[in-house]
Each structure stands twice: as structure tokens, then as C-alpha cells.
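Each of the next two complexes has chain A plus one more chain, namely chain B in the first and chain C in the second.
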Partner chain A sequence: MEEKYKKVAYYPGCALEGSGHAYNRSTKAVGEKLGLDLVEVKNWNCCGAMEVKNVDPKLQTYLSSRVMSIAAKEMGFDTVMAPCNGCYHNLKKAEYDLANDPDSVGVVDRLSKKAGHETYEAGEIETIHALDWIKQAIGEDGIRERLENSLKNLKIANYYGCMYTRPRHIFPEKDQGPDSESTTQPHFMDDLLAAAGAEIVDFPLKTACCGGAHTLSDSDTSTKLVLNLLRAAEASGAEVIATECPTCHSGLEMHQVRAEKRFGVTTRVKILYFTQLLGLALGLKPRKVGVHENISDSMAFVKDKGLA
Partner chain B sequence: MRPLGDIEARIDRLGGAAANPAADPAAAARELLSLGEDVLEHWIAARGGTPTAARREGFRLLALHRQGAKGEPSFNACRETCRELVYHHNLITMDPGHPDTAGRLAMAALVANHLYLFVSGKMEVEQLGEFCCSSRPLHANMS
Partner chain C sequence: MPIHEKSLIRPENLLTHENLEIEGIDVSGHWSTFIESRVVTDYNEALEDEIAALPGGENIHRCWQCGSCTNACTVNALNPDFNPRFWIYLVRMGMEQELLRDKDIIWQCVSCHKCTYVCPRDVVPEGVMKATAHWLELKGHRPKSPSMLFDEVFSEQVFATGKIEEGRTLRGFFQRTGQSLTQDWLVEMIKRLLRHLPVKLMIILGLANVIRPRTRGWAGARAAIEEYVEEQETRQRQALGLDRPPATGAERPLAEAAE
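This part shows the complex of A and B:
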């Protein structure tokens, strides 16, 4: 197991302070239960999300670099963990830009000086996702050793979304052999939840588009894409879709409701963060991992499964 | 080219018929693969290209996807969907008598439907998938 991942800088990002609050709560609760130390990045800012990135990619590179600069240079960390796929992706993209694009290096240096902090340089910190964090710091055996409440009665489809693996070249640590994550068939969430006792079903749309970015501008397209994901999960036998991104999670929950209202199609599959499921398996109470904060009501389901 | 609306209806019908034991599952799987190709032909033609007749790894669908993603990296958001459609096609056609065939065919229809929804959505809103892969600004930076 990786000792260095046992204490990492924590970058929750904006979504985890809002719509993804339950993900924030469950990530912290699971970390505490596992004896892992999360130290929140001081005075962190938005990673640049989709809005800034699509208008001015170099400004997004700067915004993400500032987070890494604080974590590395002011706080002395060599690893920053971002549970949100968007933040994780953007920090990785900034890292790639700063290693490969001299123009980006120039822009980041100019803006950092203007903002009054040290300029981040590529390679000063490693960005990891919450999946990497638990997989590398605790691992499947570590999860099995700590199980208090096996998920053995649960059939789970794992949904990774698009940004966790794309584009491939900003994730050089992936596709490096059996112990590394795969960009085409990601499996870290499968590994961890299987270790917690769950039955993982084959889910062919685990990295397919949910139309997340168009949830407001073209809601029907998003609803249809999500509805198809939900139907595929149900067809695969899943009772739960496990998520690892607040945007995906909110989209699945909201469009599940909207699909019923707009198209009259009801799906029953539950949507829970993987950290909520792991927390339950580790013996945490549903409220401790924020199950009551999800849009879709899973409290009764969790109780029925003997996990409360 | 077969109109997009017809493609959607046909995918829906094949998915609905998946549980019918009298149907020919291998023929249905081949048709779903062909419908996937039709969807990608629309994307390529709409962008002024001529859909390739070539095959990649033995499948025209994968060659069409590669062609469609040229200059449009966010189109890679449907790469795995195409590969899953090929995978399900192979599962069904190589062993149509398998007890799981009805389920596999239903899943193949859902995968084909996802491809249809993504591509038809992207033809209306070009940026669909761009947030997710966000490859356009990244590649624009590199060029």
C-alpha cells in the first residue's frame, strides 16, 4: 500500500460544497473511518470547470495551477486528492499543459505573480482521484479486513462518467498494467465495492455520456441519455448505480425524476456515491454518509438491505 | 441514408423484441450493428465527409467512429459505446443459442440506442460531450 496517500491535501471543489454535499460528507467520513488524513487545501478556488475552460483554456490552467501551488508550496504536500471528476480532470489537464505547452507556462507565471503567489511548476504535486486514494492507501484487502456490514445483498452497476478517463494522454499513470486503472474499462470502483462484498454487474455504459453539460440548455437530450443509462443498469440486473462524480450523480438523480415527469418512464434503480456504499460497508450509519441528502430517497432501500 | 427517426424506431423495436424466442437473435444483432453504422454515417455526412467502407479490427463501425472523431476529439465520448456494440454483436452471433442471448440482445439495443442518442444530440448541439472529454481546447492548445 502507498504510505504517502495516507495523508493528502484535499481539494473538494465547488460541487462538493453544494449539490454534491453528500459526496463531501461521505468521503470525509470514510477517510476518518479508514484512518486516512485529509487536509483541506487552504483558500482554494474553482478549478475552472467547464465554463472557463471553454472560453479560455489557459485561464483554467492557471486556476487549477493555483490550487496545486497552494497544496504543494504553501502546505508542503506531494499529493492532492480531488473526488470530483471535473476537478480531478482539470488539475490533470493543467499538469499536462504545464509540462507540454510553453505558452501555458508563461500565462500561469504571469497570472501567479499578479495574484501574489508562487508559480506552480509541473511535477511538484501528484493529483489523484478519491478512487486512487482508497485503492492505493487501503486496497481491497484493507477493505475486506475492515468490513462490518458486507454489501453481499447488493447488485451494483458502476458508472464512471466521461472525465475520469478522457482524454487519455492527461492520465499517464493509467493503462500501465494490471494494477493500474484502465482508460477503456475502468475498474477501481468495481474492485473496491466487490471487496466490500457487492455483486458487480456488467455495465456496458460505464463511461458513456450522460449529457451532463447540457442539462440546462438541452434538457431533453440529457434526460434521454440518462434514462438510457438507467434502463441499461436495470437490464444488467443492478439495484444500485454507484457514482464517483457529483455532476454525474446529480444528473442521474435529477433526470430520473424528470424522465418520469416528461416521458412517463419510471426507473427504480437507486443512485448512491461509492463512498456512501463503502461507508455503509464499514459500519457507518446512513446519515453519517449523507444518504438522507441524496435527491432520490434511498433510506428505506438501505434499511431493507440490512445496511442501516 | 436511412432517416434518423427510422433508425431510432427500429432500434426500439429490436430491443422490444429481444425477449421473443422466435426471433433470430444473430440477425437482430447484425442489424443493430448496421444501425450503429447508419448513425455514424449521418454524423460524417453532416460534416461534409464520405462515410468510409473500410473496416477497423474487422468492423466498419469502428472505422466509421475513427473517421468521425478526426478533428473532433469529443466524439471519442462514444468510442467505448461503439466497442460495446461490437462486443455484444460478437457475443450473440458467436453463440446465438446461449441462455443469456435475450438479455444480451436487449442490452445491445440499449447500447445502440445510446449511440443514436449521443450522435443525434451532438448533431443538434455540437458541444455535447465536450465538457466531458474537453479535448477540443486541449488539442487546440497543442496545435
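This part shows the complex of A and C:
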């Protein structure tokens, strides 16, 4: 177990203050229940997301570096945890670029000086995802020891999306043997939810794309991609898709509704954040982990399953 | 057949002979292999350099046409005309007219990074798609795509306040693309959300609409970012040989704006 992950800097990001509110709530509730300390990064800014990256990748690197600069230099942390795949990906990408591309280092230094804060330098902080955090700080045995409400009646498809595993080069710690995360067959969410008692179904589209980038600008494409995921999950026998990214999560919820309205295709699979499922297993009430804040209405479902 | 000769097997380019006999053998019918002699002269020799000068396009010269990108592509699975390998080839050959046939779908790349993951040559095809989409718009070959408009609405908000408030982004995007906010599916989604959303959260989200979330002391960062953006725009326009200011708004491609 990683002792240093027991207290980490917490970077929620913009989505977790809006549409991903339930992810923020459940992440904090699970952390508290597990005795893990989250200290929010002071006065953080947007990581740049995909949109600023599209305008200029170095600008996105700068925005992400500012967050890491505050967490490392002002707050003295050696680890920052980001539950959003987009934020996590962008901090990792910034870390990679600052370690390997002198031009990016130059731009970040110039912008940081003009903006009036210290320049972040590669290697000053480690960025981890909420999955790394719980997996490394508590682990499967830790979950089993603290289990109050087994998920034994639940069949779950774990959906990891794109940004958590691709491209490989920004995740040097992945694909390093059985204990590390895999970029082709990610399993950290499977491990944790299986330890919480759930039956994990064999879901072939773990790392397929939900079309989140064009959820509003090319909605038909996104709806088709989300429908692939929802149908594959149902065909795999899943009752729930567990998510670990606010963009994927709200995309799945949104296009589940859109598919009904525009294509007349109804799917019944529920969509819950992995932190919500883990929280229920640890004995937290559904409202405490924000089940009522999801669009995909799972309140009756979790009660039926004896999890409320 | 080389990939850039794909045009020869388009329906309009197939040759048909109702009565054709060659060396005593009847070969009447459709013949894609009967190619009329042709000379291709409209190569744009600057095309590859121009794409390489835009963010994301830097590594296009490394491509050796293995096709892994197209094979892995999420959008290609939905639309076989979406073909990153082919477009990279056309750009490198300077076959601008061929590339322009697909100008209205190139922006549809969803940035899933499967291509970049599998590329054995670190071309970063996802970046090349973004650079090509930018190029098409900067050159005035098409109006700004919905994706570009979304990126702009989003980025402007980040540059101004340091943060994103999703309601504002959504409204800004629908407004800029001239779409109604009362889309059936959006209304349905909000209805379902309101059915069980706690009042406290509604108040929090409502307040975020009025009092914009922002990063404190952002003025310095904002000034630095805006200066950098302007610098990059000038650099890109120079690299593309453009001398007029960029088009603004959704419906004004550069060619029209310049008239």
C-alpha cells in the first residue's frame, strides 16, 4: 500500500462543480469513509480540456501546469489526484511535454512569469486518478475488510473511456506488469468493484469512445457511439455501467435519453460512478453519494438491490 | 493501385464500352482498368509544410502509410469515408483538390487517440486531423465547423475567467450555432434531472449561472494567454501565406469575408 496516497492534493476540475457534481460528492464521501485525506488545490483553474488543446496544445499544457505548480510549490504536495479523466489526462500530458519538449518548457515558463506564479517543472508532482488513489491507498483487501453492504447482486460493466489509457506515452507507469494498470485491458475498477462483491461482466468496450468530444457539436455521432456502449453492456448481461469520468458519465446519460427521443431506441442499463457504487458497498446512503443527482434515475434500482 | 489513384474507380470515372473488341476478344462493359492517359499538374507543393506549421501537424512527415490509424479509427467504423491514412497521403502528395472532396467531414475526429496509440511512427494522426481541419477553415475552404465553434466558446470562457461554467458554455454554443435551446432530448433530460435533483444543488447550480465561477487573480494569466494566442495566430497566418484578418462568426468563411 502507498502510504503517501493517504493524503493527496485534490483537483476536482470544472465538470465536478457542475454536471459531475455527484462524482465530486461521492469521491469525497468515499475518501472520508476510508480515512483518506483530500486537500483541494487552492484557487485552481481549468486544465484546458480538449477544447483549449484544439486551439493550441501548449496553452493547455500551461493551464495544466499552473494547477500542478500550486499543488507542488505553494501547497507542498507530491501527489495530485484528479477523478476526471480529462483533467487526469491533461495533467499527465503536460507532465510528459514538460519532460520531453523544450518548446513547451519555454512557453510554460514565459506564461507563468507573465501570469505571476512560479513555473512548474517536470517531476515535481505525481498525477494520479481516483482509481489509482483507492487501489493503491486501500486496495482490494482494504475494501473487503470495510465492506458493509456487498454488491453481490449487481452485474457491472466497467467503462474506462479514452483519456484514462491513451495515448500510452503519457502514462509511463501503466503496462508495467500485473500490479500496474493496463492500457488495453484496464482492470483497476474491475478489481475494486469485484472486491466490493459485484459480479463484473466481460465488457468488450471498456476503452471504446463515447464521442464526448462532440457531444453537442456532432450529436448524432455521439449518440451512435454511446448506443454501441449501452447495447454492448446489456448484451454482456450488465445491469449497471460503472464510470470514472464526468464527461463519459454525462455523455452516456444524455445520449441514452437522446437515443430514445431521436432514434426510438430504449436501453435500460443504469449508469453510476464507480465511487457511488463503492460508497454504497461501504455502507453510505444513496443520497450521501449523490445517486439522486444522476440523470439516469437509479434510486429505485439501488433500493431493489438492497443497497439503500 | 496507389492510394492516391482512388479517384479512378469513382463511378463517374469508370469507362464504359458497349462494343469493344481487343485482339479479337469482346471486352464490352465497365472497365475500371481502362485508364485514359492523364497528367496531374495541380499539386500544391506547400500543402504538407502548411499543415505541419499548424498545432498537431508537426509530425506528418513521419508517416509511412501503414494504415494503422484508419484501422483503429472510431469514426471510420461509422463512416468509411473518414480515412486519416488517405488524407495524410494526399497532404504529403500535395493533392489539395482530392483533399477538398472530404472537407466537410475531417472535423468529425472525436480525439479518442486510438490512432496515436497504434501509430508506429509517432505521427500523432489525431493532431494531424485537427491541423487539417484548422487549415481548411483558415484557408476559407469551409465555414467554421460546430466543433471549432464549441472550442472557441469554451476557450474564450477559460481565457476570461480561468474556469468553465457548463450552463454558460451550452447556451453560448447553441447561440453561436443558431440552434434552439429547446431540443426535445435536452428538455427531456432536464425534466428527468429535475424530478429528483435536490433543491440545494439546484440553488448551487443556479447561482453558478449568476455569479460566474472564476479563478482569483486571473488577470495576469489572461493577459499572458491572450498575448500568446495573438502571436500564434499571426505566426500561423504567415505560415499559410494569409494576409487578411481571420474570418469571424459561424457563417462567414474567409473567401466570402474577403469579398
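Quick notes
FYI, the second predicted complex is superposed on the first by the 308 of 308 C-alpha atoms of A that agree within 3 Å, B and C clash if a C-alpha of one lies under 4 Å from a C-alpha of the other, contacts with A are read in each partner's own complex, and residues count from 1 in each chain.
By our rule, a residue touches a chain if its C-beta (ideal position, glycine included) is under 8 Å from a C-beta of that chain, and two chains touch if they have at least 3 such contacts.
The structure presented is a predicted model; accordingly, all values stated were derived computationally and were not measured.
In the three-chain model built by superposing on chain A, chain B clashes with chain C.
In the superposition on chain A, A:Glu293 makes contact with chain C only, not with chain B. Legend: residue contacts after superposition of the two complexes on their common chain; A:Cys209 is shown touching both chain B and chain C.
By the touch criterion defined above, A:Asn43 reaches chain C but does not reach chain B.
In the superposition on chain A, the chain among chain B and chain C reaching more residues of chain A is C. With both structures placed on the common chain, the touch criterion links A:Ala15 to chain C but leaves chain B unconnected. In the superposition on chain A, contact is made by A:Val52 with chain C only, not with chain B. Contacts of A:Arg166 after superposition on the shared chain: both chain B and chain C are touched.
Of the two partner chains placed by superposition, A:Asp191 touches none, neither chain B nor chain C.
Within the superposed three-chain model, A:Asp218 lies in touch with chain B and with chain C [touch as defined at top]. Touch criterion not met for A:Glu239: it reaches neither chain B nor chain C. Shared contact residues of chain A, touching chain B in one structure and chain C in the other: 50, 54, 57-58, 162-163, 166-167, 208-209, 211-214, 217-218, 221, 224-225.
By the touch rule above, chain A contacts chain B in their complex via residues 50, 53-54, 57-58, 60, 89, 93, 96-97, 100-101, 103-104, 161-163, 166-167, 170, 184, 204-205, 207-209, 211-214, 217-218, 221, 224-225, 228-229, 231-232, 235-236.
Chain B makes touch with chain A in their complex at residues 73, 76-78, 80-81, 83-84, 87-88, 103, 106-107, 110-111, 113-114, 117-118, 121, 124-125, 127-135, 137-138, 140-142. Across the complex, chain A is touched by residues 55-56, 74-75, 78, 108, 110-114, 116-117, 127, 130, 145-152, 154-155, 158, 162-167, 170, 173-174, 177, 184-185, 188-189, 192-193, 195-198, 201, 204-205, 208, 213, 215-218, 220-221, 223-225, 227-229, 232 of chain C. On the side of chain A, the complex with chain C involves touching residues 14-15, 17-19, 21, 43-46, 48-52, 54-59, 62-63, 66, 107, 110-111, 114-116, 162-163, 166-168, 183, 208-209, 211-214, 216-218, 221-222, 224-225, 253-254, 257-258, 260-262, 287, 292-293, 295, 297, 299.
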